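What follows is a single structure, written as structure tokens, with notes after it.
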């Protein structure tokens, strides 16, 4: 049997298109998941913050959801939502929402009481106060959540390969089934690189958009 | 930091990200239609899916591949619900899947396929003309163990079953041509069953480590000899007519599609299949490259 | 719902409570695997994080190692480990331990950094030498956050150990993977429930351990933060 190096550069140079296609699918799945999760988490977080009674139940329910291994969740959804993007996204959005909701709530809770008082004193109505004062001040925490959610989602997308989706996960699976090192190693490394690039990009975006919050 | 440029920076970042996600969708030339082909989760599954898929692509169809999708237990529901249009099956095993292990399969491929079609028809599926190429379950042991236990055929295992561990994919435990058949036809009661993979690297590693003494392989595997594995003779003919046969949703089985698929089936022999497997399993060639070379050489692309 | 009824029936079936594929066996395998990985990981991660935090060195590294850890696809690591080490527990333990280390390093680093500088100075002034200071002053104050890191790791190791079944591992993941391959959704669901329950039990057990480890005085001093360790999910 021919020796199987960990990265066969010859093979790699003729198969770049495979990795580009996988990367594209990976990025798309991640963007949709984080985007939808953000759209859900912002209102949900605001509601959980506003109605104190809901805070712990909401966080607890999602916390339990979090303990379900993703491979089980994706597999269980298949009979209902099929083998495709929808199933993957439902799972991915679910996990991302927990991270984001928590950070939205914690961010809103961290707004100092005197600022809220000042805003009320200035005549801001609750909705306007939320949009113009509380949420902007909660942005550092929300951004931190977006970073964590994005990196986490990129990792979880690889697991969707088990239900026939999966971007880079598909190449990992192929490496396993065919006992072939290169696609496996390169896909794993690319997944890490993608996650780190995403994290750095989001960190840079955070610095650019929140100049007043340049602490950490 | 020039504050006036800040929105510009943000907009650039967002635009780049969206561009990455969106790019790559070049306009395809007008195609005759789109089909989704599923492949089983072992290397021959990808080979067969690519074989028929590339023939369709050459004929002008757009094909989506869902390779390494899983066992038949996963692929079956997928085609029944229309999420895939086509998969390449094996006549006898497929029959026993769709008839809930009723035991209707035989060594006669024509009869088996006819019965298979009668089971598929109410599901909106059909089996096309089977190929002469066959791939059946094989049960392999290492050369060392064969010498140690002095066995050549499966019925030799009957008296010593309780000393041996069987390894295969989890689905083997419920399959008529797998553990159930070994018990019923040969009377072999294994000491234990280890869930590994379907004819994959986990099974081979387990055989090598002697974690299992008997492992499921396929009769068309090309790498058995080089790994020192020998498949035992199926002297009581547990395995049946597992001829390669495309299973397709009737809705997409147009005359043209059927013609292309049947042409491939007609020309494929077991030796061809083993050769293709060798290229993929041993030389690590891509399945699509290997099958394209094969199709070219056999004038399917003329 | 008939699915839930089937799952309930699965749990009530005595066949599933005995034998090598029975719930007790699989549970023990899963717990053993997870415990080994968290323990070994803690033995490596905690000293590193504590030392770095005490001396205040390599802070960026300590904090970012969690980012990197989160970025590593557990599925990929397990398969690579199988291709390097073959079958058995070794590749699984190596992979899961590697995944367990980052949150514990980061949390213990931050925990030690957060100890009030005044307290450290006071300890110095009272004559505590380096090692005694860490052991008797800083650590007790740092325990809550350190334990949060251990809890995060442990819960994630329990969940990720499910994937070990993809490389012929045992544990509760077998129900999930076998259920998927056999399309036995009852088994799959049951496996998912068992893993989730085990993860919750792990969290509660470690929270109880934390209460034992934190001196009463400090527990009264610090308002308990709702530290559900959940921002590290890799499987």
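Just a few scattered comments:
In this document, chain identifiers A, B and C correspond to the written order of the chains, with residue numbering beginning at 1 in each.
The rule is short, and it goes like this: a residue touches a chain if its C-beta (ideal position, glycine included) is under 8 Å from a C-beta of that chain, and two chains touch if they have at least 3 such contacts.
Nothing here was measured: the structure is a model prediction, and the numbers come from that model.
Taken as a contact graph, the chains are fully connected, with every chain touching every other chain. Simply put, of A-B and A-C, more C-beta pairs touch at A-C. Rounded to a whole number, the gap between the C-alpha centres of chain A and chain B is 34 angstrom. Centre-to-centre separation between chain A and chain C, using Cα means, comes to 21 Å.
In chain C, the residues that touch at least two other chains are 82-83, 167, 177, 180.
Counting partner chains per residue, chain A shows two or more touched chains at residues 79, 161, 176, 179. Among the residues of chain B, those in touch with two or more other chains are 70, 77, 197, 201. Interface residues of chain C facing chain A in the complex, by the touch rule stated above, are 67-68, 70-77, 79-80, 82-83, 155, 158-160, 162-163, 166-167, 173, 176-177, 179-180, 185, 188-189, 191-192, 195-196, 199-200, 203, 226, 228, 230-235. The residues of chain A lying in touch with chain C in their complex are 56, 59, 63-64, 66-73, 75-76, 79, 95, 98-99, 102, 148, 151-152, 154-156, 158-159, 161-162, 168-169, 172, 175-176, 179, 181, 184-185, 187-188, 191-192, 195-196, 199.
On the chain C side of its complex with chain B, the touching residues are 20, 82-83, 86-88, 165, 167-168, 174, 177-178, 180-183. Chain B meets chain A in the complex at residues 1, 3, 6, 9-10, 13, 17-18, 20-21, 23-24, 41-43, 46, 66-70, 77-78, 81, 83-84, 197, 200-201, 204, 223, 226, 280-284, 286.
Those residues of chain B that touch chain C in the shared complex are 70-71, 73-74, 76-77, 169-171, 173-174, 192, 194-197, 201-202, 205-206, 209, 211.
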